[in-house]
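Chain nomenclature is as follows: A, B, C and D, assigned in order of appearance, with residue numbering initiated at 1 for each chain independently.
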Amino acid sequence: MISPVTACPVTIRIQADDFDIAREIAALTKSRTDIGAVVSFSGICRADDDSAKVSALTLEHYPGMAEDEIRRHADEATSRWPLNGVTIIHRVGRFMPGQNIVLVLTASQHRQAAFQAAEFLMDYLKTSAPFWKKEESATGTGWVEAHARDDEAAARWTKS
Amino acid sequence: MISPVTACPVTIRIQADDFDIAREIAALTKSRTDIGAVVSFSGICRADDDSAKVSALTLEHYPGMAEDEIRRHADEATSRWPLNGVTIIHRVGRFMPGQNIVLVLTASQHRQAAFQAAEFLMDYLKTSAPFWKKEESATGTGWVEAHARDDEAAARWTKS
Amino acid sequence: MKVKYFAWVRERVGKAEETIEPPATVRTVEELIAWLSGRSEAYAYAFEKPKVIRAAIDHAHVKSDAAIAGAREIAFFPPMTGG
Amino acid sequence: MKVKYFAWVRERVGKAEETIEPPATVRTVEELIAWLSGRSEAYAYAFEKPKVIRAAIDHAHVKSDAAIAGAREIAFFPPMTGG
């Protein structure tokens, strides 16, 4: 029997609906007294990109694999850092600037583990989870190209 | 005249009342379309400490200097990273395990800046902002001792 | 075996998924890409830069030299841009 | 000059703040600590390990060799444990 105090619940959802950070944090921390640090990362649709002003963003994903891939990285995060909880929510569909796209929550006794795990999860979501962004702007519609800086960010977590 | 789109509002509050992360994030991101990443850190009162089980924590601060010191670090963060907003709320008073103590929010176009600035601010809050914790446990009441690991965490941000 | 396409690979191929029966001489992911490319101009266009294309077998990323024997589902897509 | 004490320094001194008039020979923070320590056992106890004590002049952290001339408010406290 695993004590609820030492458990690390992992929640992964891919959904069209928006998320409520406060509710997700409450779900992660409710009736627990062993959590000292909660880090949240919200990724938001931006209007200002490198090139033309973005008017909307469409997120496509690979159902089934997306959940599996995120689960693998969440499991790796919980094995690498002493975490007390992980929540990952990735939205799919069409978004306007200012709207939420992704949420990563990590809870731990200490802040370093929560910060590092959240960064690790975001770096891998960017480069390895099967999601693709299509941008709409005044100059037309096009698929977002992968950034080398995201590959570099993910590579720093590779164990040698 | 500073365009509201490029401004980096800094909010610093020291208060007895709890904070609402969702409301603070909304205040930071409302009617803006240039923010791509929001990182939040919540520090929570823990029952399980290195020694005896903590039943309550009292936070004392140096009014006036606490605000000034946090402001200096927030200004340094906004000069070191391209941020679109910073909110720092530190509670004072007596807390039970599970209750919020501190909130740091950072907003930026890109996730790395938001993550790094939030970590920087937390490391400096821990070692340099004039707050002191007193713990109550079954074995008595005592002031929390500073951790060498917190000094080390803060030292990594020192420019050589 | 089922094949799925995503993002601009899907748009160029003109379909999201299909069932294919490649000959036994097609053993790896890159051989499957070459075989698909020969089917029509749409496929040739989708796979014109094979090194850019990512592949997954049964929901796990694989390299281009991965064997396709036993695969239930193979997917082709551009580099990921989620998060 | 106003002096403030926090956390266990405050508890040991037995007061949160006071106004003091040290002699002109007391020029630095560490000289002020030595002078205060000589006032009573309570002060001696509060400052028994002077290297542990942190000081601030007018809301800014200072080192023990900082001059106190012109200071409006000097504060003494243990290492910070907030956040």
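Here is the rule we use: a residue touches a chain if its C-beta (ideal position, glycine included) is under 8 Å from a C-beta of that chain, and two chains touch if they have at least 3 such contacts.
Owing to the predicted nature of the structure, the values given are computational and were not obtained by experimental measurement.
S.K.: Between subunit B and subunit D, how many steps is the shortest route if every step has to go to a touching chain?
M.R.: 1
S.K.: Return the distance between the CA-based centres of subunit B and subunit C, expressed in whole Å.
M.R.: 48
S.K.: Give, as an integer number of Å, the spacing between the C-alpha centres of subunit B and subunit A.
M.R.: Whole-Å distance between the two chain centres: 22.
S.K.: Taking each chain's centre as its mean C-alpha position, how far apart are subunit A and subunit C in Å?
M.R.: That pair's centroid distance is 27 Å.
S.K.: Scan subunit A for residues touching two or more other chains and write them down.
M.R.: Residues 43, 122 of subunit A touch two or more partner chains.
S.K.: Every pair of chains that touch: which are they?
M.R.: Applying the touch rule to all chain pairs gives A-B, A-C, B-D.
S.K.: Okay, in this complex, where on subunit B does subunit D touch?
M.R.: 43, 59-62, 64-65, 68-69, 90, 101-102, 122, 125-134, 143-146
S.K.: For the complex, which residues does subunit A have touching subunit B?
M.R.: Against subunit B, the touching part of subunit A is residues 20-22, 25, 29, 31-48, 97-98, 109, 111-112, 114-115, 118-119, 122, 153.
S.K.: What part of subunit C is in contact with subunit A in the complex they form?
M.R.: 4, 6-8, 56, 59-61, 75, 77-83
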